[in-house]
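Presented sequentially are two complexes of chain A, the first with chain B as partner and the second with chain C.
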Partner chain A sequence: MEQVIINGIYSGMQYALIALGLTLIFALMGVLNFAHGQMYVLGGFVTYYVYGVMGLPFVVGLAATAATLALVGVFFEFVIFRRVLKLSVREESTMLVAAGGALFLESLVLIIFGEKHRGVPSVISGVWKVGDAYMPYGRLLVVAMSALLIGGFILFMQYTRQGRALRALAQDREAAQIQGVNVDNYSMLGFAIGATLAGLAGGLLVSISGVNSGLGTWISIKAFIMVMIGGAGVVPGAIIGGFILGMLESVGYTVLPGGETYLVIFVALIAFLAIRPQGLMGKPWG
Partner chain B sequence: MPNQRSLIAVGVALVIYLIVLPALLADKPYFLGVLTTASVLSVIAAGVWLTFFIGRINIGQGAFALVGGYAAAILMTKLGFSFWIAMPLAGLTAALVSIVIGIPILRLRGVYFAMISLSLTETARLSAQSFRSVTEGAKGIVNIPLPGAVEIFGFTLIPDFSTVDKHLAFYFLAAILLIATFAAMYRLVNSRIGWLFKSLQQNEELASSVGVDIARLRVIAYAISSFLGGIGGAFFVAAQQSVYPASFQIQDSIYFMLYTFLGGLGYVFGPIVGTFVLFLSFEFLHGLNEYQPLIYSIIMIALMLWLPNGLLSIRLPGWGLGTKANPERARGA
Partner chain C sequence: MYFETKNISVNYDQVRAVRNVSIGLEEGETISLIGANGAGKSSTLRAITGLKKIVEGEIWFDGTRLDLLPPDRIVGCGVAMVPEGRRVFPFMSVKDNLLMGAFSRRDKASIRADLDRMFTRFPRLKERISQAAGTLSGGEQQMLVIARALMAAPKLLLLDEPSLGIAPKLVQDIARSIVSINRDDKVSVILVEQNSRMALSISHRTYAFSTGEVAIEGRSEDLRQDDRIRRLYLGGEL
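So, the complex of A and B:
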């Protein structure tokens, strides 16, 4: 029983990290980033390459991941979304380019890194045993780093000048512009941060569950579920959604066989959204 | 009313589609198959288009294609129905399921509806895998018979598909489905109910305040959309003679949305253009092996960068093929 709860917290922490990036990009630009799962996968592969293949320290691998994904985020915003957001008559067009971007990233990763499932050795070995629950140090490290990243992100958004500008942008784009926020630059920054968070989540998780090029869509769907539970575009909502999904998954895998866990989660989600369409903390029709 | 030039354009297109193409490709089953698939995919995409028309982003059409496919497969193999009865029943089954699911989820809008509809495809796949007693689980339902003959008073209306060139037979079936679907679609959006659908897209609250029953209308639109998905699913199951939980995946659902987008959301015939352009280009890039999806995605992004409102937003002077689904225009002409 303790093990189930602890597993739920593990996954919850990492899921929260994934959902944060997605919800940030959505809040800033109204774009549902379909490529989020693919960014996670790319992050996993960069860490795998730097840490697992080149043999550099894990932290260097994560730094390389953050740098790569920040560049990818900038590329996505600057080359793709900025133009489409300005030109299209219907906002849904951004979804098409986002889906195109997801396919682009996925095939690129497949060409560069191949189709094999890749993992890396655990960063530190050993197990901490409390009662009936086993907690490998490698996992605890990943959870701690995720918690650090989430905490750092919240502090950045709350207390820095850039964070304030991003929040202003999320609240009201035009009003932020009138107050002198450089909307284009901050959209780019927000997109880069969102992509980096997704990539770092992938980089951290590659030391536990590994990564393969076909994982992206499934990660995106999980991120969507979390955002739907918590409410789109709301930071605390994304974190709560992540923990709820992590816990549901952990309990489901213990009591139900294989694929039925997610069948139950989906049905429950539809029922939940019927009662509360905007999620736990979302603005109605955000 | 459509003007004379667009009538001529449609006439020419029909002659090419129904006579010239099958005559040219009669001994090339591969190309015939590609066109057949593209035709039925546009029927399914037409359903997605209709949900867009009421202002919902639908990425869940694969779910209803899968429901239709399984319904047809079960009706044909386990209950011994003929394909010609199983196909419409498959469409109705999909429509029925969509009504049950649609009543709660159609209250959602924007990205919320998009995300939940995306999850639907995965739900359908997991259901097909989990209810083994009806769906055979991951093994799928195989050895589904080809469509049989339809005879009235000894006169053969439709020959048994196993006795004729089945590629050609499926091509014509697909062609008839496409023509019937888009004729009905054109009629629908230019009718009173079509105008009401349009009012949902523009402003649901306003529509509701002047007495439009928005809850009922959006379920109707979703049911029609899913009916088309179910019909398309049944067709593919019959053509491939098998169905698996992975027959329609999330990727397919996303593609249906892309086809619809690419053709242009403002045009009834957009799904045909979008599907044929994207699907045919995907097939032609086949020789590039691993680079195919990469190039395909670049084309897709580039198209959206330069033509964010769809292919049919290119206005060729005089050719009114891109009949705009726009009440004002229909009224003025």
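So, the complex of A and C:
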């Protein structure tokens, strides 16, 4: 029992981190970033390369990951989405472009890092024993770092001038503009933060489960599940959605045979969305 | 002139919503733009804030040409707007809404002082300081957006239909606030109103719009007695 809860918290924390970036970009720009999982994968590979291959400290690997993904986020917003959003009148255009971005990043990762599954030496060894349950220190580190990043993100959004501007932009674009918020710059900032969060999640997780170039789509799907559970574009919703999925997974893997957990999760999700399409904390559309 | 639009025109798609409109205001004045729905007064205001690009003409304020600037730069020139339909940031606290009003300013100490002034001026907002703005009543939201605009420390305040959808008793409060902002804070005001009676009673001069053009202009005092104004702009109102 304790083990199920601890596994759930471990997964939930990392999932919340993944979902946050996705929901931020959606809230700011109305863009469903299908490339989110690929950003996670790229982050995993950057950490793998800097920490695993070059042998620099893990923290340096994460810093390099954050820098790389921030640049990727800026590139995506500035080169792709800004233009498409200005030109198109249909939401599908940004979805198609995002899907294209996902394929592009996936191919790029495949070319640079190859198709092999890559892991890195564990960052710290040892196991923490709580009651009858075990939590390796490596996983504890992931939980702690994720919590730190989530907390830092919330504080940034809540208490800084830039965070306020991002929230204002998400809530009323035009009203934010007349207060002096530059929509282009802040969309770029938001996209960079979203991509960085995805990349850092990948960078943290590479120390536990490794990474391979094909992982992206699966991560994106999970991120979308979490955001749908919690409510699109709502920060607390993303965090709650992450923890719910983490717990469901943990319970499912314990009581169900291997591949059936996600079958049950998807069926439950369909039923849930039929009753509450806006998710737990989302605004009803329309 | 302190502020003026020189023959500006605004199009929506192919339709001309504002045609050759020239309005002006001297420092310290309150002018009002009245007229029916679709007469072009709100479009004129949106053009001033840069939210709508003009296709002809120029807009000047205190020596700066506004129509060449993007909307986010215009507030920095001292022009703040109270948009139509209130438009608070619904999920942000009252305090954060006000701080957003001061987004274009960097002087932390005077922002703090202005925040306190707003709470003195609108005590209701202080009672609801950490409440989400979306949960306020319509009248409170209107006070909040006026206070938010004032937090930009504007020299020129634009108000787009501040009485729309507000209980009649509160309309008087809002009118009083506008007069006080103009007289006590020395802020020049451009007021767009469908409530012509209110607009004529609190402004120095008035421009009456009809089908995208200025049809009648003059001192509000005189226009209150003007036959055409009485028939076309005051007649329909109870």
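The rule we apply is simple: the second predicted complex is superposed on the first by the 285 of 286 C-alpha atoms of A that agree within 3 Å, B and C clash if a C-alpha of one lies under 4 Å from a C-alpha of the other, contacts with A are read in each partner's own complex, and residues count from 1 in each chain.
Please note the rule applied: a residue touches a chain if its C-beta (ideal position, glycine included) is under 8 Å from a C-beta of that chain, and two chains touch if they have at least 3 such contacts.
Nothing here was measured: the structure is a model prediction, and the numbers come from that model.
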> Since both structures carry chain A, what do chain B and chain C do when superposed there: clash or fit?
Replying inline: fit
> So, does A:Met95 touch the first partner chain B, the second partner chain C, both, or neither?
Replying inline: first
> Now for A:Arg161: first (chain B), second (chain C), both, or neither, which partner does it touch?
Replying inline: second
>> A:Phe104 in the overlay: touching chain B, chain C, both, or neither? Say first, second, both or neither.
In response: first
>> Going by the contact rule stated at the top, is it chain B or chain C that touches a larger number of residues on chain A?
In response: B
> If you stack the two complexes on chain A, which partner ends up touching A:Leu42: first (chain B), second (chain C), both, or neither?
Replying inline: neither
> So, A:Leu248: does it touch chain B (first), chain C (second), both, or neither?
Replying inline: neither
>> Here's one for you: vertex at chain A, rays to chain B and chain C, all C-alpha centres; what's the angle to the nearest 10 degrees?
In response: 90
>> Between chain B and chain C, whom does A:Met281 touch in the aligned arrangement: first, second, both, or neither?
In response: neither
> Once both structures are aligned on chain A, how many angstrom separate the closest C-alpha atoms of chain B and chain C?
Replying inline: 18
> How about chain A: which of its residues touch chain C in the complex?
Replying inline: 161, 164-165, 167-168, 171-172, 174-183
>> Touching residues of chain B toward chain A in the complex: what are they?
In response: 52, 57, 101, 104-105, 107-112, 114-116, 118-120, 122-123, 126-127, 129-130, 250-251, 254, 257-258, 261-262, 265-266, 290-291, 293-294, 296-298, 300-301, 304-305, 308-309
> In the complex formed with chain A, which residues of chain C make contact?
Replying inline: 49, 51, 70-76, 80-81, 83, 87-92, 96, 99-101, 103-104, 148, 152
>> Quick check on the complex: what are the chain A residues that touch chain B?
In response: 26, 32, 34, 80, 83-84, 87-90, 92-93, 95-97, 99-101, 103-104, 106-108, 110-111, 217, 221, 224-225, 227-228, 232, 259-260, 262-263, 266-267, 269-271, 273-274, 277-279, 285-286
